[in-house]
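Next up: some structures, all given as structure tokens.
Heads up, the next two complexes both have chain A, just with different partners, chain B and then chain C.
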Partner chain A sequence: MKPVAFDYARPRGIAQVLELLDANPAAKILAGGQTLGPMLNLRLVQPELLIDITRIAELVEVNENDDIYAIGACVTHAAIEDGRVRDPANGFLRRVASGIAYRAVRTRGTIGGSLSHADPAADWLSALLVLGGELEIAHAGGMRRAALHGFVKGAMETDLGAVELVTAIHVPRGSRVARHGFHKICRKTGEFAEAIGAVTTDTDTGFFRMVAAGGSEQPVLFDDPKPLFKNGDPLDAGSFDMDMAMDALREAGMEPDEYELRIRAVAMSRALQEAMSP
Partner chain B sequence: MTRVALTVNGKKVKREVTPRTNLADFLREELLLTGTHVGCEHGICGACTVVVDGEIARSCITYAVACDGTEVRTIENFDNDPLMVKLRQAFSEEHALQCGYCTPGMLVAARDLIRRGEAKDEQSIRIGMSGNLCRCTGYMGIVSAIAKVARDHTEKDDQQSGARTLGPAPGPDAPDSLASEEPVTARPARPTTTKARAEAPTLAAKPDVNVQTGEISQDGKFTKLTQTITVNHPRDSVWKFMSEIEKVATCMPGVTLDGPPENGHVDGRMLVKIGPISADLAGEADVTRHEDDWRGLIEGKGRDTRSASLASGRVEYQLAEVDGGAATQIAVSIAYSLAGPLAQFSRGAIVRDLVGRLAGAFAQNLEARLSGRETEAQPAALDAGSLVFKVLWDRIKSLFGMLLGRKEN
Partner chain C sequence: MKKQGVGARLIRKEDDRYMRGRGEFVGDIRLAGMQDAAFVRSPLAHARIKSIKVPDDLAGCVFTAADLDEVKPITAVTALPGFKPSDQPVLARGKVRHVGELVAICIAPDRAEAEDMAARVEIDFDALPAVHDMLMAREKDSALVHDHWGDNIFLETLVDDDMKAAAGEAAVKVTRAFSTARQCMSPIEGRGAIAHWDGRLEQLTVHSSTQMPHIVRSGLSECLGIDHGAIRVIAPDVGGGFGYKGILLPEEVCLAWAAMHLGHLVRWLEDRRENLTASANCREHHYVVTAYADKEGKLLGIDAEATVDSGAYSAYPFSACLEAAQVASILPGVYDFPHYRCHTFSAATNKAPILPYRGVARTGVCFAMELMIDAVARELDMEPTDVRMKNLVRPEQMPFDNITNKHFDSGDYPEALRRTVEAIDLTAVRQRQKKGESDGRVIGVGFAMYCEQAAHGTSVYAGWGIPMVPGHEQANARLTPDGGLEIRIGAHSHGQGLETTLSQVANEVLGIAHDKIKVVHGDTAFTPYSTGTWGSRCMVMSGGAVAEACDQLAERARGIAAKMLQCKPTDITLKDNRAIGPSGELTIEEIAYIWYRRPQDLPPDVNPSGLEVTAGYKPERDSGTFSYAAHAALLAVDTLTGEVEILDYVIVEDGGVLVNPMIVDGQIFGGAAQGVGTALYEEMRFDADAQPLASTLSDYLLPGPAEIPSIRVFHMETPSPYTRFGVKGIGEGGAIAPPAAITNAINDALKPMGAELTMSPVTPRRIVEAIVAARSEKETAA
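On to the complex of A and B.
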């Protein structure tokens, strides 16, 4: 239960991180280490070099202007949970953050680390997918922006290149009337979710999206979920059609058993009820 | 060795540590602060919970080097802490411990929960303490002890986070023992480092084959699943192709053979990747074929020497003619089991998903080979997820047209 010996670097800038990644194919990025740590201890991951990115000032900043709201990749779940970071989604980010694993994990686990790892059952992936989040990624040639939708290629697989680093998460600002719901089903508090449902609805902008996730499969994003409602009205949580949702998930390629499919639809339904409740 | 300087229980400490030393081992073995207990060593049990820069953290998955410049508090530092005095008393009165192994972590986490004002009722205490496991008490005593202290704890001034940064402690502004050193990466290159970066696998872009996955079931330690693959080639040629083990092996992502098969027995290896985890399974397989009913059986087992993970499996296939003989349906039933850290860490569903999609990748390659197209010379490792998900995203877009159509009918 001890990791293999590795070297340790603590660069002060993003350019240095990229240089280190380029020079060491067997290097791994270390942020909070709450996912990587267990993998290291179990020797499932045996890197030659860990690159600690938590001392890079840009990565723990929040950048905000009229156009963008960008949370640095190394901001912890706890910082968001505590409201030390302004929440552009009317409290949704705080609520999601407070439900991730356990407090002693949230104090070190980071939003960028979670998204880079792209565990399909992780909370941020579904929550930011439903909000339409984008990642800011540093590479040798500069920066690029990537919509989260499309960035994640599958269970723990992303579009992130070997010499690239997620530096920030851009969260779209909803209007004041935007409502959100997030429901996670798991047997033990803090465990990875068996099913997640996420909803965002903004009557000002007409933005309405739902996400279903769970198990090992890629979360499914519905960017126009109206057809899942019996009366076509997404604001009427009661008209959400579970059978239609299950069909849609199956059609979208989810292939779990009946029970797993059903709890994903249930999570969607409960997320809706949460979003619509006063 | 890497230099670290931190404050532990109010005392400044400077040491040289190996980067892989976790904070818990550093506290216990370097500083002889054995009050911090080590339970699971992978961030599940909470026994090792300590305070780093005012916030609780798991010291078994936090490395000592990463704590350079922090202030750490362990259970030994709370003797005179007013809140902890009350908690100790309540733990004693409510029988909140028996063997005491989890207790240091329980106390540190409970104090933090109360400090943050999150110990509001039994439900919130149970949720708040869910990251700390106790195998003796059944939690009743622990919950009531915390509830008792929380009821009387009215000071609200201590709820602010102790963190100095929005990131993991200590953040960019902390003192840095490495700052004075020469380039932080000064280190000799290791001779074993392979120069080439492992390339992500590229597989046939558009599957020209049809793969159906059937029910997945569990039989003892074996997970079973069935898949039906249809390829557009006559049964004779598929059967003939599958008699050549070396060719079949080139269709399996990540598989390489050590040498030519002898009497249906082969030795080889298989590289499997699940996110950052990779397992290089070295093993053997036996192939038997039944000409009369177009049936074959492959039994194999392998071991990943790095992680000591074991995998064993049995694949049975049967060929049937479809489309009037123009195509062949391959009915595959797979049973597999995993043991060791790979199984322990990977959630079953992810491995199941991976194994399920092996057949899909295999089918694409098989179709390519049968059509005379070469698969990659170097078989790529099978990455969980990188195979078909791009296709899925595209399918979602076309979904709603269909749903609307169904509704109008």
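On to the complex of A and C.
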């Protein structure tokens, strides 16, 4: 399990990354390497060039003003877990970060790498979907913004172009009363999720969203979760209905077997309890 | 001097280098001119090889079966009647029989380049239907793994102790089918070897990550057709064995061949994908068991059919039948009942050969028997521990010859169970269950017991007749000129702590301080022949041999001291590094100094044999020591997700006299952790084409630190009547009972729902599915 021979570049700026990508169709961006490393070793990817982006200063910064809160793509899970970057979602991001993999993986793995790779079972994907996150993407012509929701096309499939780089993740600021819940079901500590339920509710803005994820299927986002509740009121956590949730997941296109569907519904219900508990 | 002999809780000597990262494993060894090998492995489980195309520019770097014409296949036969031998070619010839089977060896300056070469070798296969399931393998119309056999059965055995009689007398009859998943042994260090042909010595040197260097030497000699004397096998530090490193691998033979033909060193380091998909298979059993009992829960008989998925080949030296042959003889476990039948099948399938793994066969057997006890209890509405109590072999029966003629040497099984019940506080658990849990989970408690035959020798293995039958175990003890002691053993220590415990034994006999004793092992050039480290045998066998050698050495040292002190040797006592006589004393150092460096001071009639002894040992009876234990698990089950949390875990074990109780605790913790893996996580699944479905540790789940409960271990110490110091083998035990105890606890928790699990690992999915199935069964019944 050794990778094929490849070249290595460590540019200092975003423009150079784009140039290198443009010049080498068989180039791959390397961030924390926690996904790419194993893929290289298993020879699932056989690039001619690796472009290491972790030394680009802008990518490890947090850009914050009255309107935006943007986490650089190369900020690590550990930096978020440790609170080295501010958490605009009342501690939600820190908690999600702390549940990803093991600490060793978190010290290298990056939020941008995770979202670019778009593993449907990845924690960041569900967490930022429920918050309504957006990506900032650099391309030859400049920058574009893309809502995460439309950006992910399928399992490990995104609309990222060949000569594009995710530079930052924009996290909407919730109000002070925003509440969040995140429940991950996995076989053992440090594993990818078998099921994820995520909930965010903001009574100030009327924002209420739920996400269910798991397996190799794309996460499902409910921006109007009423159909999951017996009495149609998401704020009444007790009326969350497992069977209705499972039906809704099926309707949204999830087609796993009975067990997988069930634990996704359970994950949503527990995320909800967490968000609503005082 | 603080006590350093038998019974002392000494810190392990070897840990100093292990914990500081100063151990030297095969992968750490750098030798000049060494090149790396990568193997082309079969992507198919069963296929005919039509052709193999090696690109022209790779000639001289890539070799196939055609190049290894003179190398004999690996053949591990048994003397059991009806056994069908298999030839395991070191590189596939004509046909491949499991995914990962070696087809070609590629050699390059480094592993990455060797893998580049491997990717360019083209094999044209004719796929054949794969035998992916052991029960289907037994059917008449199954595809054949070995065409000339006519069926897929390595071996079929039957014992029947008047089973029919049990049925008539029984008040209840309970039948269950059990199965245990195929697992992959996962030592932190995989296999690995470096082969080197030394032209000057005309000697092949193989550094191998093995538990049994002398057996590897025999295997290499047989396959390569060269003398034992022309082969030296060195096992350096070995990062966990568990049985996987007790096997001669085709890779080792290929490397040796390559080193002999290429004139440079060749290395291969197994990677995790090779380990999981191509090699380290173990544990897959299937049982159908019927228990007959009276209405008080007394067992009248056990009727079992057991199948073991032996995989494609009979592995060297343990063979394809060790598991099933043992199943038949150990299924009765710790119980005494009058009637027994066991019909076993060792089925060949298109999977990697089954290999012995810590607890060999016992983990599966314990699972079947202990779940059966709980099933009987359920049927009779009794407390499972009461059913156990009714049937355990009693202390007054010891030593006890059980229904399969196993000779249980000593112990008090009911007491171990009583202490376990008390430690887990069964009464409190039952009350807590009545109250229910505030978090909505359900809790359950489960028990399991086993006894473990260890250090069994000639009388047992001669019957099986595998390539390796242990006889007397030898050890060499040598005083050095400065009064230190060197101990040489042919077994190997890789986590068992033998460098420490054997020096404790030597200290017990000779009184030499622990830090002046060095245990040398792992090199056929320096150590006496031994079948190696397996079967929890080393403390009994190597320990006994070390004691014997030290006895004889003591005799010699006393002889010299007596001459110098002008007294009788019998007047001399050896203690605290000194030889003490009636009117004076010498230090051991002085005795050694005189012998080696001032022979002019010795009288002419001194015993000329010197201060080096090789001595042999066998216990008074070599049918094995029987350590035993009772395990209890208390756990909580989330019935919605199937998640299990172990809340408490108790082990009461009796390993006879413990040479170092701290090391024993460590062995038990490690074994139990592996048992938790078997119980809840580890499973190598195969599809209908016999493709293994996990190739990394993210698919093949091992428990990590967070998944292992803190285990409470309690000791009983009933000495073995047959061994030196009364020691018993304990190395494997921890891994035997957890799957049964944990599954029984899960079934206890799910009892009110009518759900019962009979397959390991008990995954969350299996739990939820069992609950759902029980519910819908109830609904249809209603």
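Here is the rule we go by: the second predicted complex is superposed on the first by the 278 of 278 C-alpha atoms of A that agree within 3 Å, B and C clash if a C-alpha of one lies under 4 Å from a C-alpha of the other, contacts with A are read in each partner's own complex, and residues count from 1 in each chain.
Definition applied: a contact is a pair of C-beta atoms (placed from the backbone, for glycine too) under 8 Å apart; a residue touches a chain by one contact, two chains touch by 3 or more.
Source: prediction; values computed, not measured.
Set against each other, chain B and chain C touch different numbers of residues in chain A, with B touching more. In the superposition on chain A, contact of A:259 is made with chain C only, not with chain B. Once the two complexes are laid over each other on the shared chain, residue contacts for A:1 go to chain B and to chain C alike.
Looking at the shared chain after the overlay, A:42 reaches both chain B and chain C.
In the overlay built on the shared chain, the residue A:74 is in contact with chain B alone; chain C does not reach it.
Once chain A of one complex is fitted onto chain A of the other, the partner contacts of A:221 are limited to chain B, with no touch recorded for chain C. Of the two partner chains placed by superposition, only chain B is touched by A:57; chain C is not. Of the two partner chains placed by the overlay, chain B and chain C both lie in contact with A:190. Comparing the two complexes, residues 1-5, 38, 42-43, 188-190, 192 of chain A contact chain B in one case and chain C in the other. Across the interface of their complex, chain A is touched by residues 110-112, 115-116, 119, 271-273, 640-643, 681, 695-696, 698, 701, 703-704, 706-707, 763-765, 768-769, 772 of chain C. Residue ranges of chain A in contact with chain C, taken from their complex: 1-5, 38, 42-43, 185, 187-192, 194, 258-259, 262-263, 266. Per the touch definition, chain A reaches chain B in the complex via residues 1-12, 20, 23-26, 28, 30-34, 36-46, 48-50, 52, 54-57, 59-62, 72, 74-76, 78-79, 82, 84-85, 101-105, 107-110, 117-121, 149-150, 152-157, 162, 188-190, 192, 215-218, 220-222, 224, 227-228, 244, 247-248, 251-253, 255-257.
Listed in rising order, the residues of chain B touching chain A in the complex are 2, 18-20, 22, 25, 41-44, 46, 49, 52, 55-58, 60-63, 65-66, 68, 109, 112-113, 116, 126-128, 130-132, 161, 163, 165-169, 171-172, 174, 176, 178, 184-185, 187, 190, 193-198, 213, 215-216, 274-277, 306-307, 341-342, 344-345, 347, 349-354, 356, 383-393, 395-396, 399-400, 402-404, 407.
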